[in-house]
C-alpha cells in the first residue's frame, strides 16, 4: 500500500449552509420558533442561526432572496495545513474560485464549486460559541442550554444536493476533499442516481440525488438532527399544530437507515428532522450499492417514496 | 350476588386540586413556563391553570398562602343522580360538610373530609374548555393545541395524600365514593403503609401513604401525565436547565409500575411527571398486597427510594 | 335527568377474538414468535394464545379454517347481574341467539349477532391466568413475565369490523350493550362511514368501518397494544426482518390519535400493533364527528391512507 | 503549526475485548440470551460473540478463568502503514511487548501494555462478518439481522479501565496511539481521577477511572450500545425478569451525557448498556475539566453515584 492509498482526514465536518428565502420573516419564524434555533447575528439581508448542540457560532445563514435555494455550503478543515492541502488539490482540479476574507464566525475561506455548480467553501479558523448568561447550559460539556420550546434540534446533520449527474460530484468529493463513499444507487442503465458521502463516522454528511427536472445547482434538503426518534414524532405534532406543510411523514429510510421527517419551510426549502441511522467505524468500508429493483421497494418499512422527492427542489422550477 | 355487591360508578374522575404556595409567582412560573400549562383565569389570590389534554377548564387552582400544601381536591360525579347518591352516602358517613355554590369552571359542589382531614369536593356541573383561536388544536379530537414549550404535560393524573393511617381513608373512599382498591403495602405489624385507589381504568387516581412525621392532612404529591417515557426524560433535562430541584430522578415504580420523576416546585410542593404503568379492565381485580420485605427492595429496577419520600410533604413540618 | 339517561356500565371490556386462518401453522408462528404471544391451550383445530399483560387466560383463539376472518368476538360483563341485564336487552332486540356452555377459560356465554351479522358473545365467569414457574414475572402486579422475544405485545386492544352500514351497528352497541360513541365519520351524503365505540376509558374498543366491497360480516383488523411508540417502530423492524408484509408503515391516526402499524398475518388477517391515543374521562363526552373533507386529509401527519384499507378485509372477497 | 501538531488518525476504533469469567456458562447465557448477542466461534476455553451491528466478526472473546476481569483489549489500526507507525511509537515508548500471529477473526497483532499494566493489542487485518442464511438482514447495509430476542445490543461501545493513576494512561493513549482527550475529572489536590479518550467522533472509546482499592490492571466495565433510550429502559425490564443484578438503574451521566444502565454479569464483570451522549466534530476540542465540587453533584439529574462504582471492579479484590 502506498501513501496515496491512505485515507485523507483533512475535512472535519459540514460547517454551515446559506439558505435563500423569498419569505425571510416566515422562514425565520420556522427556524427560530418551530425548530427552536437561536438567532446569533444579523448582517445585510442575512440572519445567522444556531442549534443548541453546535460548538461553532452558527450553522445556518438565512438570506433574503427572490428565490429559495442554497447560496453556499461551507466545510471546516481539520487544521491549517489540511486546509492548505485541500486548496492545492482544489486549485489543481480546476474547480477552485479563490479566497474570501471570511464571514461572521469564521476566518478566510476558499471558494470552489462542485461539478454541478453548487458553491462550496472550506475554512479552518472558526469562532467557538460562548453562550450568554441566559443561554448558559447546566452541564459544562454542552455549548448552549437545551431550548424548551419548539422541536429543539441539536445540530446541522447533512446536506442533500440535487445534481444532473451525482457520480462526478461524488468523485470530486472523494478526490479533492477526501470524502468517503458510503452508499449509492445504481440504476439498471448504469446511472448513479443517488450517492452518499461522509467526512466523519456518520453514515453521511453530503448526498447527491439526481435532479429529474434537468436543472443544475439545486437543493434537495438540509437536515437537522435530534437525538431520539421520539423527538422526530414530537416534531411532526409541532409541525401539525403550526401549520407547517409536512411532505413526508416520519419513517425509516432503507439507505443509511435514518429516521426522517420532511417539510417545506415557508420559504420553500425542504428541511428534514433526522435521527437514528448508523455510524461507520470500518476504515475499509465498501460502498453499499442499491440496484434499481432494490430501490423500487421504497423506504425500509415499505412506505412508498413521495413523488415530489424526485422533482421538487429549490429554486423551484 | 346482591345489588350492593355490584360495583359503583358514581365518581368519574379526579377533577382538580387547589395547591397552596408561599411563592405564588415562582410557582406560577413553574407550572406555566416549565411544565407548559396554560393560565385560564385569576380570582382573588388564585390563578387557574390547565394542561392541554384536559376537557374541563382547569385542573389546578394555585393559591397564595403562608404555607405550601393542598387546600382542596375535587372529583367529578358521573351524573346528577350519581352526585345525589354520593352526597347521601357522605352525609350518612358523618364526613359531610355541606354544599358550596361552585367555583370558576364548575357548579355547586359538596364538601367533605377524608378521615385524615383533607378537604374534598364532589361536583357534577362542569364547564367544558373551549380553546381560544390562538390555542385551537389542529385535530378536532383534542381540547387544546399541544404547547411547544416546556414539558408539555397532558393532564392531571393523580394525587398522593400523606395520612396518619392510610387504611381508614381507603375504606372511606371505597364505601362512600365507590373507589376500587388496586394495590397496597401491608407491613409485618399489619399497618397499611400505602394504598392505591381508582375510579377509572387507570391503576390509581388517589394514593394515601403513611406520614412518618405524625402529622395529618398533608400532601405527598400531585402528578401530571405525559404520554411517553421519553417525555419524562426530556422533562428531567428541562428541570436541569431551569434549576428546578429534582428530588427523585426518572425511574420505574414497582407498585403500579409508573415511570416517574419528582421535583419540588418553587413553593415547596412535590410534583411528579408520570407516564407508563398499566390499565385495569378486570371488574374482579383483587388488590395486590406488597409485604414489608417486598417493599424493601426499592423501586422496580432496584433504585432505592429517596429518604425524603417518607417524611417530606407539604405543609413542611 | 331520568334513570334511563344514566350511563350503563355492564360490559367491562373486549375479552377475546376467534380468528380463522387457512395457514394455521404460519399464523401461529406470527402470533407466537413474531408478536411474542404465549400459547396456553389447544383444542380441536384451535390454538389459544395470550399477551403478557392480560389477566384472563387468553385473548386469541386461532382456528384453522378454509378462509381467514373472525369467527366470534367475546366481551366480558361487569358482574353476573350485568350479564343478566344485557341478555334481557339482547333478547328484546331480536339479535339474541342463546347460551353456550362456555369455552376454555370462561363459563357460559350468551351468543348474539350485530346487525351486520358478526357473531358476538357475552360472558362473565372467567379464569384468571396463573403463570407457570417459567413465566412468572418479577413484579407481582403483572400477570406474566415480559417476553424478551418478538414484539412483546401487552394486550388485545380493539377490534375493527367491516360493515355494510356502520350506523345501525353503533346504535345496537349503544342501546343493547351500553357502549359509548366516541368518534365517527359522516360523509356529505349523510353516510356514517366509520364509527368508534368504547366500554372503558380507552377512546375505543370496537370500530365499524364501511365495507366498500358490499359484503357483510367481515373483519378489518384486530389490534394488540404496546406501551410505547418506540415499541411500534421496533415492531416494524422485526416485521421487516421476518418478512411479514407491512401494509401501512407506522404513523399517527387523526381519528383517536393512535400510533399504528398494520400488517397481514400469514393467514391473511390484518393485524395492528397500536400505542398512544388518549383516554376519555368525561362522562358527557360528545362524539367527535369528522366530515368528508376533514377525512380526506389523511392521517394526522398527512400520510395518505393506503387504498387497500377501504377494500381489503377477511374473508378476502 | 508544524507537522507534529496535526492530529493522528492511525487508530480506527476499539475492536474487541477478552473478558474472563469464572462462570463461563452463566456468562455465555447473559451475553447470548439476555443481551441478544450471537456466538460465532469457540476455541479452547473461549467463546467468541458478536453484536448485530458490528462489521467485524466479533467484539467479545469470553474466556473461562479463575477470576473475572479483562484479559486483553484490541484496537484496529486505520491502515497497514498506520499500524507500522503506531508500532514504532509503542516500541519507542518501552510499553511494547511484540507481535502475535493473530486470533480468530484478525491477523497479526502487536501487543503492549498501558502504564497501569492492562494488556492491549493493535491489529489491522480483520475478517469482515458475513451472515449465514438464517441471520441475513433485510437491509443490505446492515451486517446481521436484528435479533428479536433479549436486549438486542448493536455494538461494543467503550471500555472503562480502573487504574492506579489515570493521568499517565491518558498521556500514553494520546502520545503513542493518537487518542484525543475529551473530558476529565481533576480533584482539588490535582489528581486526575477519571479521564475520557476517543479515536472517533464518539465522545469516548476508552475511559480510565481511579481504582480506590489501590490495585492495578482491573476493569471497571465494558459497554454495549443500543440506539434508543427506550432500549435501555427495556433492557432494565429484561434484566429484572431474568434476575440479572442491576447495580445502577438507568440514568444520565453528567460526564459525556450518556444514558446508562449497569449490571454485573454472572461472572462478575460490570456491563453497561449505553445510549445517547454526543458526537464531537471539533478538531480543536478542548477537554472538559470537571472539578471535585462539580463531580460531587452526582449524575446529570442529581442521581447519586452508587458507592460500589469507586471500589468494585474485576478481578474482585
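Chains here go by letter, A, B, C and D, matching the order in which they are written, and residues are numbered from 1 within each.
Everything below uses one rule, namely that a contact is a pair of C-beta atoms (placed from the backbone, for glycine too) under 8 Å apart; a residue touches a chain by one contact, two chains touch by 3 or more.
What you are looking at is a predicted structure, and each value in this text was computed from that prediction instead of being measured.
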Checklist entry - Are the two sides of the subunit B and subunit C contact the same residues or different ones, given that same means over half of the numbers occur on both copies? => result same
Checklist entry - Would you say A-D or B-D is joined by more C-beta pairs in contact? => result A-D
Checklist entry - How many angstrom between the C-alpha centroids of subunit D and subunit C? => result 46
Next on the checklist: Averaging over Cα atoms per chain, report the distance between subunit A and subunit D in Å.
Outcome noted: 31
Checklist entry - Taking each chain's centre as the mean of its CA atoms, how far is subunit B from subunit D in angstrom? => result 44
Checklist outcome for this item: Going by residue number, subunit B touches two or more other chains at 139, 228-230, 237, 240, 300
Next on the checklist: Can you tell me which positions in subunit C touch subunit D when the two form their complex?
Outcome noted: 34, 137-139, 145-146, 148-151, 228, 230-231, 237-238, 240-243
Item to check | Partner subunit B, residues of subunit D touching it in the complex | outcome: 229-230, 233, 236-237, 239-240, 246, 249-252, 259, 299-303
Item to check | Residues of subunit D defined as touching subunit A within the complex | outcome: 1, 3, 5-7, 9, 12-13, 53, 55-56, 76, 78-82, 128, 139-142, 183, 200-202, 227-230, 254-257, 276, 278-279, 281-283, 285, 288, 290, 294, 300
